[in-house]
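Following this line, the structures themselves.
Next come two complexes built around chain A: one with chain B, the other with chain C.
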Partner chain A sequence: MSKNIDINVHHITRVEGHGNIHVNVTNGTIEKCEWQVPEAPRFFEAMVRGRRWDDIQTIVSRICGICSITHSLAATKAVEDALGVEVSEQADKLRILMHYSEQLQSHVLHVGYLVAPDLFRAPSVVPLVSKATEAVKTIIRVHRVANRWSDLLAGRTTHPTTLIPGGLTQIPKAQQLRELQETLKATVADLITICEVVLSVADKFPAFERETEYVSLKLDNPPTYTFYHGDITSTDCNGEGPVPIQQWESVANEYVHPQSTAKWTKWHRDSYAVGALARFNNNAELLSPLGKKVADMFGLKKGNCNPFMNSVAQLAETAHVVETSIQLIDDLLTKGLKDEKVKVTPRAGRGSGCVEAPRGILFHTYEFDKDGNCVAANICIPTNQNHANIQKDFEKFVPEFMDRGQDELRLGLEMLVRSYDPCISCSTHMLNVEFVK
Partner chain B sequence: MSKPRVAIFDFACCEGCQLQIVNLEEEILDLIGAVDVVEWREGMSEQSDQYDIAIIEGSITRPEDESRLKKIRDKAKALIAIGACATTGGVNKLKNNFDLEEVKRCVYGDAASMPHLATGPTKAVDEVVKVDYKVHGCPMDRGEFTYVVRCLLMGKDPVIADYPVCVECKKKENVCRYEFDEICLGPIIRAGCGARCPSAGFRCFGCRGYIDNPNVEAAREVMDRYGLTVEDLKQKMVLFGSKQEPTL
Partner chain C sequence: MTKDTIVLGLGNPLMGDEGIGVKLIEILQSASGDFPGADFVDAGTGGMTLLHLLAGRRKAIIIDCAFMGEPPGTIRRFTPEEVRTVKELAHVSLHEVDILNVIALARQLGECPEEIVFFGIEPESIEQRMALSETLGGRLKEYTEAISGELAAR
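What follows is the complex of A and B.
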């Protein structure tokens, strides 16, 4: 057994944004075990002040390149909540269809490009291009499908150009939706292939569990595996009613940890987790048949508290969003697409928008003056909410895995961080006082 | 001849431009064939201190980032700035319109005085080091990125549009956004995007930065014609053009 361990990962690779891992074990005693985040802060909540209601989503979309559609949707919904704007059923469905494209894009990127190399013990996807050519090409193919899907609904793959408070600036043509539907049907086989590839190396996910509170959206009417509508729930709610999204600040309870300056979040206990596994643990029975089939392939069951299974829950969700979208396109086409005029009148008000980013629940709140200029903003991003939970996982993982030696422990900790699919540059608050130089 | 070694680095940004490299999809295999990507933290664990071409994403906001960037510049034979954050400072420059201490207090409250939260005015990459090539846009256009990389590899100067978005918008026969009572920055913003936003029914908000000599008189005339003021125009120009706008 290794008595001394010194792990000092400066700017962990294959994650979005900058994070450090610092673990120090001397003579078998853990002296330091920290997940640190030195990302350059960008101050979005301060920057949106003074900007008009119709510029907010354009600005805050830039919080994150990978989940820009999600940020735009959360902001747009918050503006609509503040200004009392109703959205048509058609626009609502098209937005959900747009949102699904980002779930697929982000999940495939995460599992295929960022997580899979660890399972194959490769430093990146690049060496896998020659070792597992067909698997890599399948991942690229599905990623391309997701991006073209975003292009069609959002105007482009990153930073949508079609989303405005009240609706959408343009809608796809029926023929384009039919073609998308055909593409999605053809993508199902590729998705199953990707799942089989991951399943073949699933034994490389560490067997690690920690009893955790999982927080996500929940929608009862109609019962939906929801990413877009609903209220906030957690596995600790024990049947208590979900919390309206306008009250998200009472869920996140952002606080400064006494040993660090990082703003962490907690609800019923010291930390909670958000993301695909949280959604699965709250809503698994509502997955589409294909989503359930993928979960079954891996033996993933509701109540799972192995954080590494977040990637598996993401795979189940990729199947779910593709299958659900095929149905959603039918609904849209049956009703017939029509051009809709959007008219928004500014007024004073405060509003919130909450949607599930691929990596977990996301909250936006804005306040406007009578002319519709933003006077205050508060944004709480998923990785921010996972930060305390990653730290708590570290504290259990290190003693359990430190006898495997420094290299294995380091890999395990990096994999643990990656499993949360962190999006660190999203971090509008999150920071830690200690830097590893 | 060995393949040029390329390293990709990110500073303050959303990393959406790196995502555009991933979004090259199958084409990325060609890119990997033409160059050796030796460091790319977001996508790879491999790292190297030896590279010929540095690709920089993001804007520069802290002294430690300035010194990191200068070290990268010293090692690289050529430097490409990708995306609005790197080429103009982008949306991050909105911060420069406020008192920086007040901005910190707004976001971090009582913790704002802690030393690691120090932030300086946002800078574009060329405000810190020499930039050889720029790929504009938020996010950058992936076709333009591969074009610039190809030009660099072939030793040619890329031709980047220096005429306004309106030119491309007119070619697409779009109805002018001003007809929809919107303030569009098309008359003064650098084309090359194919007027992507106006073509999707969304006003141009200026992510590619201003053309070299924007015709401010024409912009004034447009505002007059639609009963708008220069102040209305400036409200929109700060989004991606704070502290760098032409004088109107």
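What follows is the complex of A and C.
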């Protein structure tokens, strides 16, 4: 048994955002076991103050290059809530279709580019190409489909241009939706291939469980595996009704923890988790048949408390969003696409928007003056909601796995952080180079 | 139809000089009629999405804010072979992709443009604001001329 362990994974990106792992074990006694992260970019709240109601979604789309559609949707919904704007059924469905494209994009990227290298014991996806060429190509093919899908609905892959409070500035043509539908039908086989590849190495997911509170959206009317509508629920709610999204601050209960400059959150216990596994644990019975089939392939059942299974829940969701979108396109085409005019009258008000980002529930709240200028904003991102839970996982994981030695423990902790699919240092990414020629 | 050349502007306009790539694309787009063979794309901080934007092109011109050890405002043309990244990545997140890694992946997959040219612009300040520093903001003409020159020279 290793009596001494010293893990100090200290990565700093130039401007903001780093995730540090510190573990010290001396003579078999754990002296330090910490997940440390600085504040995520809350400054966006200051940036939207003074901006018009129809500028907000464009600005906040830059918070994150991976979840830009989700941030835009949350902001758009919050503005609509504040200004009392109704959205047509057609716009609502097209937005959901747009949102699904981002779930597929992000999940495939996460499982394929970050989790798969762990499972195949490759340092990153680049060397994985030679180890599992066809698997990587399949992942890239599906990611490409998801990107084109976003392009069609959101105007471009990242940082959408078609969203506006009240509706959409541009809608796809019927023929384009038909083509998308055919592409999605053809993508099902690739998704199953990806699932089979991950299943072949699923024994590399650490066998680790910790009883956890899982928080996500829930929609009862109609019962839906929801990413976009509904109220807030948790696995600890025990039959209590879901909490309206306008009251999200009473769910997140943000607080400052001395270990981190990022605010932590807690609801019924010391921490909670958000993300695909949270959605699954609250809504599994509502997955599409193909989503359920994928969960069954891995033996994933409601009530699972292994955080590494978040990646498997993401795979089930990729199948779900593709299958559900095929149906959604049928619904849209049957009703016929109409050009709709958007009319919004600014007024004073406060509103909230809540949607499921690929990595978990996301909250936006804005307040406007009578002219529709933003006077206050509050955003709570999923990654911040997971920090306390990652810490709690660390505290159980380290004693259980420290017998395996420093290198295995370090890899296990890194995989654990990755399994939460965190959003760290995404608002900047500039090149940092030195010249070799 | 996919055009022969793609000009990609990377960065975040909410982070001061980090947004220089996006700003230059905005300017170049307004003159895109002069370059019918090129697509101009504001790719933001899209990470792995770049892989798909590069696929099927003969040439890619990538404009980005870059720490190169030069005085702030300096624009420098270079190819991927001329540099190596000194960026530290935690590999815990999808959100910290390095474009040089994306190019390496594109090469491995056999779908990398045969020619890639970077225009790196040394920032003066990366901070939370929706405007460039005066140093970079005052040199936009010089930057667009350098990129237009590259496009004209093809």
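Structure notes:
In this section, the second predicted complex is superposed on the first by the 408 of 437 C-alpha atoms of A that agree within 3 Å, B and C clash if a C-alpha of one lies under 4 Å from a C-alpha of the other, contacts with A are read in each partner's own complex, and residues count from 1 in each chain.
Note that a residue touches a chain if its C-beta (ideal position, glycine included) is under 8 Å from a C-beta of that chain, and two chains touch if they have at least 3 such contacts.
All values derive from a computational prediction rather than experimental measurement.
Applying the stated contact rule after C-alpha superposition, one finds that A:V201 touches neither chain B nor chain C. Of the two partner chains, chain B is the only one that A:Q170 touches; chain C does not reach it. When the two structures are aligned on the shared chain, A:V256 is found in touch with chain B, with no touch to chain C. Contact with neither chain B nor chain C is seen for A:V375 once the two complexes are overlaid on the shared chain. Residue contacts after overlaying the shared chain place A:A186 against neither chain B nor chain C. Within the superposed three-chain model, A:P422 lies in touch with chain C and out of touch with chain B [touch as defined at top].
Looking at the shared chain after the overlay, A:R52 reaches chain B, while chain C stays out of its contact range.
Touch criterion met: A:G155 reaches chain B, while chain C stays clear of it.
Residues common to the contacts of chain A with chain B and with chain C across the two structures: 11, 13-15, 17, 41, 43, 46-47, 59, 62-66, 68, 109, 113-114, 124-126, 129, 137, 140, 143-144, 147, 156-159, 425-426, 428-429, 431-433, 435.
Contact residues of chain A toward chain C in the complex are 9, 11-15, 17-19, 41, 43-44, 46-47, 59, 62-66, 68, 106, 109-110, 113-114, 124-126, 129-130, 136-137, 140, 143-144, 147, 156-159, 414, 417-418, 421-437. If you check the complex, the residues on chain C that touch chain A are 10-15, 18, 41-49, 51-52, 55, 64-69, 78, 81-101, 104-105, 108-109, 118, 120, 123, 126, 128, 130. Residues 10-20, 22-23, 25-26, 28-29, 32, 37, 40-47, 58, 61-62, 65, 90-92, 94-95, 97-98, 102-104, 106-108, 111, 114, 116-117, 119, 138-139, 196-197, 200-202, 205, 235-236, 238-239 of chain B touch chain A in their complex.
Per the touch definition, chain A reaches chain B in the complex via residues 11, 13-17, 38, 40-43, 45-52, 55, 58-59, 62-66, 68, 109, 113-114, 117, 123-126, 129, 137, 140-141, 143-144, 147, 155-159, 161-162, 164, 169-170, 256, 261, 425-426, 428-429, 431-433, 435.
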